[in-house]
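Each of the two complexes below includes chain A, the first together with chain B, the second together with chain C.
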Partner chain A sequence: MASIDTHADGLTSQSWVERIPAHYYFIAIALISMPVFAGDFILFQIFGWTFILGVISLSLMFLAGYGGMVSLAQMTIAGLAGYMVAIFGNSAIDTISQGWPWYVAIPLALLIAVLFGTIVGWLAVRTDGIYTIMITLAIASAFFYFTRQNYVIFNGYSGFNGVLPPQLFGIDWRHPVAFYYLTLFWAVAAYCSVVYISRAPFGLALQGVRDNARRMAALGYNVTAHRVAAYAFAALLAGIGGILLTWQSGQISPGTAGIGPAIDILVIAVIGGLRHPVGPFIGAFIYVLLKTFAVDVLLSLGLAGERFQLLIGLGFLIIVFWSPDGLLGLWERFRSSRSRDPLTGRNGGGREL
Partner chain B sequence: MERFSQRHPVWTAIIAVAAAFALWLIFAVWPDWLIDLVGRKKIFLNALFNGVTLGALYFLVASGFTLIFGLMRNVNLAHGSLYLFGGYVGYEVATLTGQWLLAFPAAFFFTAILGTLMQTLVFQRMEGEELRQTLVTIGISIVFADLLLWIWGGDFYNIGLPGWLSGPMDTFFITSISRRTGEFIFLKYPMVRIVILAASIVVGVGMWLLLNRTRVGMIIRAGVDDRDMLASTGVRIQLVFVGVFAFGAGLAGVAGVVGGSFQSLAPGEDIRFLLASLVVVIVGGMGSIPGAALGALIIGTAEQFGSVYFPTYAVVLTFVIMVVVLAFRPQGLMGRA
Partner chain C sequence: MNVPVSNMTRISGNGVGNALELRGVGKSFGALAALADINMVVKPGERRAVLGSNGAGKTTLFNCITGDFLATAGTIRFFGEDISAFPAYERIRRGLRRTYQISLLFTALSVLDNVYLACNGVSRGRFSFRRPQRNDAVTESAETLVNMVHLDSVRNTLVSDLSYGQQRQLEIAMALSGAPRFILFDEPAAGLSPAERRELIDILTNLPGHVGYIIIEHDMDVALRVSDSVTMMHNGRIFKEGKPAEIEDDPEVQALYLGGENHG
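On to the complex of A and B.
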């Protein structure tokens, strides 16, 4: 008993600066100093996009990894938030856009996204497992067709263009460096909040619901409420990602939240790994690299550039087939095989990821 | 049905009144006030018939989907790709041989082989891991979509109909009374759609008989209820799985030929029909063949009536139906709780 106490004391006596693993500091310094040695294209197109897609995929990873609910509607929620910013804020379509200031438009957009996500969650949790995929896929496509047909609010096929971030503190937030830091900030905030929630009572209860819903219900937890709350939180993340995505491309149209992008978000989360919140960002980075450079690579190899989708699909298939936990799972397997003692076959000295 | 009417007398009365009203709408000559209210009867009848025949096509796609799900718990999100593949194969065979009817067995055969390969090479290796299987089917559908685009390009294909099927057919449904002569005017309707409707009814009844009256059907139904218990009685369940997957895939291929004959084949149709079958089985109830028939009928007619009477939001109407069903009966209309 005493030894446990001293152990606990030893943990708390360290300051929080020391308790953060060393590689976190390396990554933080690398990411913060990135604008020094990276060009505008890399900052804006590669990293900006990676962080945005990472945040949207993170919302899916939160639902799937901790809640056991694979929702394909996260891109739809992101798209809705983007649309709301375009409608309440400024865009080139000034007949529809209200032109309200950002401190009204953005919270309102996030609020509507969260409300929508809660409704989606309330519908989706009425069934579970693989049904959730089908229902959310159907909702995603309904949203796509609805925005394409509706001209009064969503401006139909062409959507909105000229949706720009506000000029806050005299900074042009669409300038590559500023936009890089903006997306980095929200990516880090989303990552930290997911890590925090996963260890908070709510997150632990959610993981309990994932593993055994009946037992949690018997223990007195409201299973449905936990699941719907998870959807609401995921919708907040997706909404933030959606607004950033709209600012990055400067436009939003039904294609942004179509069926293809909805599946891409799932592909990103699965390629990265659904076990840990860092997975979606790894997946997003690979996806963005592929999407940006695959056409050039394919062309230089003498293949047709349009076969990009085939490459993505095959990569996804291979990863799902051989490593259900994505690249993170591969990495973990590699580490455990490295740390295995060749004589006893037991794992020795390997640190938990 | 008797038990239903005893347990829910009010609902039975409402359904009976609605059915009587629908029959009156279909067979009666419409009075002038009704024409003023909703438009001419010919438009209504055409929408109804288009809806029912579209429902027949949806049923062909969705019944294979629901059968595969019911037995193997595998949500095959590559089902739309099988539909499109069958359609393309049917197109090639029909243009090569000039025989429209040959397209059906060819499409069934080749998609069934594809389904067999998918089941033996992929799904057998991840048995019981439902989520992983579903993710794999998403990957397969992405790959297939691109391969089909590679081979057949982005053009629209239409499978040519033989002479005896093209052209309209007289039906016995009255659209109106001629003002000049006072004679009844009857509805003319495309022959091919009526044949397709009849063929899907034959397929549906055949499937029902197969499932409920034969030994194979008994094994499949037992597998839907409890496949572990079935396997332990000595049935070679893997063989049953392969057979059902091949049959469901083949049905999707046949549906592709049907869809290519009275609509067209193009990239993107795979997703459209995947979504249609998703909505149909969610509304009808997963794993139930009568549910697929009912769901297909509801979704098909809703889509057509929607596109005639409120064109802007026709697509959304089907999803509203789905949401309402989910909210009040999550297991689907015919699904078991």
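On to the complex of A and C.
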């Protein structure tokens, strides 16, 4: 985790078009033209879900990778945003839902998510390492049990169904193609904002806080305020992901933001890699593929379907033991071993991600 | 306890009383009293050397002044303001700077990024989510400082790849960021080559006249060359203060330091 974005290009400004590497354009074309060759199920269920989980997981990667703070409350913040659009906007539970227009309900939901994330951060930054994980996990489970028992606001065990995106521009945003582009747009926006901020003064200072908090204080930085601000920004990402997740399934209930999903978000980020913002999306893609297809594969092999959880767990273990930097780390090692000079053993020119 | 100083014009320039005023400052680590009853007055623009054997409490004194640790007793005033209870960042924003005896740098970042962080910490753009523009003032001052300590050839190199001497130079550059009013140098010359030492002395003697400092230095020759006054410490206490010449000639000091031990 030591060297995120080590090349110092942030302070010299070329034209931004020149700075985008060629393979980015290929990926962009592939993603934009996806609906031409992929079916509805792939668009909605595989890619839509990948982008959503990627965004939520990205909020964890931002905190952990750049800030050195592992928060298990990101799924809770996402869930809270989902609940808030259901409560302020429309759902099938019209005794609770206020039915306010989307341009009120969505900003309000995000605002509450950011406020909540700020409070979580304010509590969590007093702790370090394993204690941060414990306190955020405690918040996640408290939220889970609270929503399950509270019927006045959160409608208890069953939560809300019929939570749909607004019919903006006359488009049904839950139609697979529209939903694909909607989630793609927010995934790209979240990814780009994290990449951009990582080299802005705030992001650079956050990395400084991660590496040496004492020195940062001796340079004039209020370390606590910086960490809390990072939680607030991460909460905005998680909130966006949470609203999209609620629209995708059309419902939100305590189970959406339970302990299991909270840990899944961590697993996704770790499998993909915490060193670069693309990691969470790679992790999410693998997670979604496993969750969608592993059951069928296992059944066809004559094994019980539930074993796919075991598969994810095993994959997690292998990654943690073998490559603490996730699949990104594996890929980098593979590239640097290929570019290594067979005689001197020295590294040829594998550029850092 | 006021020290007569050689260069009166430089020192009387800033009429805010004292740059630094310590009254009864103490610091205990459990049962160990690392500092006890430190009283010390440094005028604006004054250059003070602190000498003392290993474990005398010199670094602890710096840590208490900058707020890396809070002192357990006494008051610290910085240009008249009581900063005893301030967190480190508030003290730094008031113009206090320091270097560390054991380099405390961001090894995963480049040289320029390290200095940029230092310059940005005392600017208003600390929380900016926008990347710096071309000709950004903070970036430019960072570049100036990198050039000043002759690190321009390695400005984009990761700090972990720098030599020891270069890392020490970088510590100096970071302490000069922003508009320092007073700087604490913790053994900046330790481990430097003679050429690097000369460069360091150059940088120190060429600092603007209103910038005062305290320098911890084991090498008596260097210490006496760059300071107006000297404080001797022993076992967490100050036991002698005076002009360099007085200290050098003091029989007690000679017996304790100049005869026996030889650091650096």
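Convention: the second predicted complex is superposed on the first by the 338 of 353 C-alpha atoms of A that agree within 3 Å, B and C clash if a C-alpha of one lies under 4 Å from a C-alpha of the other, contacts with A are read in each partner's own complex, and residues count from 1 in each chain.
Just so it is clear, contacts are C-beta pairs under 8 Å (C-beta built on N, C-alpha and C of every residue); 3 or more make two chains touch, one makes a residue touch a chain.
Note that the structure is a prediction, hence the values are computed from the model and not measured.
In the superposition on chain A, contact of A:L310 is made with chain B only, not with chain C. In the superposed model, A:Y196 lies in contact with chain C only, and not with chain B.
Contacts of A:A229 after superposition on the shared chain: chain C is touched, whereas chain B is not. Of the two partner chains placed by superposition, only chain C is touched by A:R214; chain B is not. Contacts of A:L204 after superposition: chain C is touched, whereas chain B is not reached. Of the two partner chains, chain B is the only one touched by A:I139; chain C is not. Taken together, the two structures place no residue of chain A in contact with chain B in one case and with chain C in the other. Across the complex, chain B meets chain A through its residues 73, 75, 77, 122, 129-132, 134-136, 138-140, 142-143, 145-147, 149-150, 271, 275, 278-279, 282, 286, 312-313, 315-316, 319, 322-323, 326-327, 330-331. Of all residues in chain C, only 66-68, 87-89, 92-93, 98, 100, 104-110, 112-113, 116-118, 120-122, 125-134, 138-139, 142, 155-156, 158, 174, 177-178 touch chain A in the complex they form. Those residues of chain A lying in contact with chain B across their complex are 70, 123, 126-127, 129-131, 133-135, 137-139, 141-142, 145-146, 149-150, 259, 263, 266-267, 270, 306-307, 309-310, 312-314, 316-317, 320-321, 324. Residues 2-4, 6-8, 10-11, 13, 196-197, 199-202, 204-205, 207-208, 211-212, 214-223, 225-226, 229 of chain A are the ones that touch chain C when the two sit in their complex.
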